[in-house]
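Once you scroll down, you'll see the structures, which are given as structure tokens.
The two complexes that follow have subunit A in common; it is paired with subunit B in the first and with subunit C in the second.
For the complex of A and B:
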């Protein structure tokens, strides 16, 4: 197991390094950062000044090392637009996004797993059909529309939850529902087909022949096998929620990372955008690593292979 | 039901609804099993034997529907027992079950120990340590070395034979009164098969269990069962004491089936009986006798009226009209066993293929950062194939058979040594030339034919690739070839999945022969087929050999097929040819202890004889950890110091090439 963790960890580190160089290179090769900061029509001297002031005239490798060194120490530079350290900015916004993403993940799990399991236990029954049609509708409904509908229903018609903002836990209920619902179809379907697959396997037949039946058969024999693909997909879904909840955050006017990213892009705030991309990607790398480790813990074949 | 019987089934049916109609998998069968006895249920695929076994404890697939007027197990009726009653009182507790596929029948994510123990703790109030004690005891009984440490292992760490032993131990955890074994040895090598059957018989005696043994292998059932029931198309057509049924079969199907088994008549190289046609569709009603369309004795009454059950004496029944006529619809392949095949070509005169000192070493790396380790798949293999002969290559899985055939076909370059065909090195031949001279026939006709091409296209493909003839000529040659291999011309435009297994294998043979190759490599060509179909294919291969003057390298693990087909036999073990010589020499007086064990494990049909113990210790070793000295020494019953230290070289004794230090004395030593 230790061997496996080390191997996976090393792989994750390599991916992270590659990505960090990619994000760095993107801005330094695709654009002239000095020109971007100065503005399209700035005079050449001003651009040169900026280039010298920010150190863009140094060799790329030195700049990358410098940037990576500071990033590792938690210094992502100064935001051009907000004129404050990027770290502060991200810290401020990350809280909202993390709370939102985790509660959305909770919503997904609470809806998708029970629904998927009951659908798999009785394929082609009314539960199964209900689950499948829920999945199809959830897939078809756009996030922003569901958000607006929920606002009309639960904030306007029946004013239970606030319309927008992120001050109290109540502010998180509707956005978490919206964001969570978007992952339900994928997770539900995977739970259903995965469990159906496991239930028709030879070893479940063996377990039945041994006398396992009902919830014991599902929980003590089948579930661990069925969980493997679900863990992987949940990790990806959580990554999406942490990095890409732009629409939901906008609809509910929440000050999360998604909105920070959009505003930084509109304002050409390179250090912020760069740091956000790096953080999003690292989140994915870490989540995938976590999923791999959980799966290795669940399945001896991965652990020992 | 008499007091002696533990199981009494009356009128059991299993129906499986399909999209368009209903499949009648089991059609109202009745069975009785006496306490302490073994009932063998024999039949070909689709005969309903597995469904019968699953139906007892209602373990059928969810869609299947079961009906029975009575399933009496030791006084309690299982027909109306609910799922929960069956689970809490019967399954795993009073009736244990062993399944066919040891590779997939154990839960991959839980340890062996947990899976064994839970079988016990689920049903009884026993402590974990008591269950563990029982698990260790049983693992020891089923012959797994070092059982205590096995408990921590996971299924993927064990070989197929070891997993099947774990399955058996698991089924015995609660000392069941009845053990149902569904093809328990089909997926295993012959020496392991003999070990497992031997073990089952010992355990059965020890625990006083009754047993239902389901198999397609008449050899297995003849040795292991007290009574047998022969199933055909969902019905039991004949039942009785094993010896009576096999020595004096009354139902035409039983008779025909026995004729299909190579070696049943004791003599080789005779035409096998082959049951023409295929099992009728199991959907819808069958009017009259289900076997009528294939029966050589069928009369009009057979197709119109359901055949009566005839009782010879208590416990001996068969279901047949017994028409007087000896000629019916299905007399296509006659006569059985009469003529010696072939025009006796001057066989074996000249060497056509020579394998000289071929070694093949792969380097295998485990994991991303693991060390590369060498895997010696072939070790100094020399072999000649003479024009017109059938050379059988025998060995257990992992012994290097496949690597050798790939090397011969030029698909794998040897690390050292050479393969030459008609004096030319295979490696120097252009691939097209090589392919024209050597063609393969593979094991599984279900996956070796492209499902998106028609049979005509598949057989014509080699001609197209080699650019032989105009499309009109190609078409004609394909038609001729189809006739030669016995494919009806109407399947020309059919797709493989519309054909039966036997027809597909005929198509594969046609594709292999269309280029007029000199050497055909047959890699287990019949092991995916039923016995009756296997007989058709073996007959066809021998006919074609004579007609087209072919030379076969015949790879198989089935020794009765070897006995039937081969002129010479080569036995492989861990990448070496340990014995090679004339068939009769090798098979009746083997010189190498491994050949000896193999021949001992072969289960020919002989009721009354028990399953022999092959006397091999341990399992087939992992080729990654090849033992030093003679590679066979850890399992050899007569190994000595010299065998452990030095690898023996080939030695010619009585015209047989043997690699063993004790070849001269092994025969007499092993017999005692």
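For the complex of A and C:
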């Protein structure tokens, strides 16, 4: 088990480093940070001065080492655009995104699991068809458009929820629905096929013969094994939600990390974009690592193999 | 087979014999069998039908659109669609904030969406299939390197990466196509790789080796043709993904530049007046929904009728 954890951990670390170096290099080759700091029409000497002062004339790998060194000590540098430490910016915006991502995950689980389970219990019935067509339509609805439609419906026609912002819990209802709906098709399909697989296995036939029926059979016997792939996909989806609430936060004007990232891109604020991408990648890598470890703990075949 | 109300006996027997030969795989080439199955697959027929209509509109937009999609007509701005009070037959779906005919813009928008969808899915296919063949056929350290690349690609928040790339390179249709394509190849790779791993153990590959074919020849001429069905299915689904991605990008202001009629951009422009003229947002959204669902139905259908061992 320890061997497995070490191997997976090393891989995760390597991925995070590669991706963050990739984005770092991309921005340094494609944009001129000195020019960004100095402003569009600054004189050339000033730009050169800044380039020397900040050390932008050194090789990219050296600059990256520097940046990573201080990032590991909790110093992500100074934002060019907001003129304050990136760490503070991230702290200010993180809460909204975390709350949003977790409630969206809740929405996904509440819709996808019951739908997937009932579809698997009666394959080819009307429930199954309903679940399948829900998945097909949910996949085809543009996420940002769903948000706008919900705003028109529940904030304007029936004024139940506020249009935008992140002040109260009411502000989170519609965004969580939108963000949660985006993962319903994947999780639903996986639940359905996973449970169908398990239900046709020998040990379930034995359990049936021993008198397990109905919800006891599903929850106590079948779901445990069907859960393995669901845990993985939920971790991936949560990772996407923490790093991918860009659209939802923009539609509902919420001050989360996704919107911060969009605005930093628009303002070529390289330190902020870089730090955010590093944080998103780290979160994703750690979440999938956690899911792998949970799976290895649940299923001995994985940790031995 | 679907039941028919009027059916004479000769038709019935013909039908049955067809089922028999189809199930036994006799007398029909795989392509013919797939086509026969396709004829009774509702999702595939509906998806194909909708797509055909939309493709005709996209291809012949200059002749079918009632107005010039770029022509501004400020006195006629913000007209509602014809079925709403104040609408006119002149502008069937109304006009936008600059008085441009909304129906014409939506018809031209189908062009943009389809071009970008097909373009991006093609680029993703070229990258993914090449890497998949390399990883699956050659194996070893190449396989591990490709595998690592996939893990990295999956860990990046793809929309942010796309936005950053488009911002850095510059906004244009070509850039959007290349950037979306370059970030959507993992699915192709995974399927190509596993299918190649399976195929390279088969006898016909060994036969090709015995005949002195090079590894490259075997990968391209022996293995690749056997992957066409699966790649086609992924291609369809990736077209849909790319279309949604483009719409999202344009909506956020980092995709197709104004004034090109992209549906995502139209939604972004209509958002300003959303509370008074909701159709400005609703209509392009519905167009996107119909196009994407048609493509997905077609893709699922093609998978059902061609990749036979994956049915159920």
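Things worth noting here:
The rule is short, and it goes like this: the second predicted complex is superposed on the first by the 284 of 305 C-alpha atoms of A that agree within 3 Å, B and C clash if a C-alpha of one lies under 4 Å from a C-alpha of the other, contacts with A are read in each partner's own complex, and residues count from 1 in each chain.
Here, a contact is a pair of C-beta atoms (placed from the backbone, for glycine too) under 8 Å apart; a residue touches a chain by one contact, two chains touch by 3 or more.
Only a predicted model underlies this, so the values are computations on that prediction, with no experimental measurement involved.
When both complexes are superposed on subunit A, subunit B and subunit C end up sitting side by side without clashing. In the superposition on chain A, contact of A:21 is made with neither subunit B nor subunit C.
Number of subunit A residues touched is higher for C, counting subunit B against subunit C. For the three-chain arrangement built by superposition, the Cα-centre angle with subunit A at its corner and subunit B and subunit C at its ends equals 70°, in steps of 10. When the two structures are aligned on the shared chain, A:300 is found in touch with subunit B, with no touch to subunit C.
In the superposition on chain A, A:130 makes contact with neither subunit B nor subunit C. By the document's definition of touching, of the two partners only subunit B reaches A:201; subunit C does not. In the superposed pair of complexes, A:169 makes contact with neither subunit B nor subunit C. In the overlay built on the shared chain, the residue A:214 is in contact with subunit B alone; subunit C does not reach it. Measuring only between alpha carbons, the smallest separation of subunit B from subunit C in this overlay is 5 Å.
Shared interface residues of subunit A, touching subunit B in one complex and subunit C in the other, do not exist. Looking at the complex, you find that subunit B touches subunit A at residues 57, 59, 61-62, 83-84, 87-88, 90-93, 96-97, 99, 101, 104-111, 118-119, 122-123, 154, 156-157, 167, 170, 367-369.
For subunit A in complex with subunit C, the touching residues are 11, 14-16, 18-19, 22-23, 26-27, 30-31, 136-137, 139-145, 148-149, 151-152, 156, 236, 240, 243-244, 246-247, 250, 258, 261-262, 265-266, 268, 273, 276-277, 280-281, 284-285, 288. Note for the complex: subunit C touches subunit A at residues 148, 151-152, 154-161, 163-165, 167-169, 240, 244, 247-248, 251-254, 264, 267, 271, 274-275, 278, 281-282, 285, 288-289, 292-293, 296-297, 300. Residues 7, 123, 200-203, 205-214, 216, 220-221, 224-225, 298-301, 304-305 of subunit A are the ones touching subunit B in the complex.
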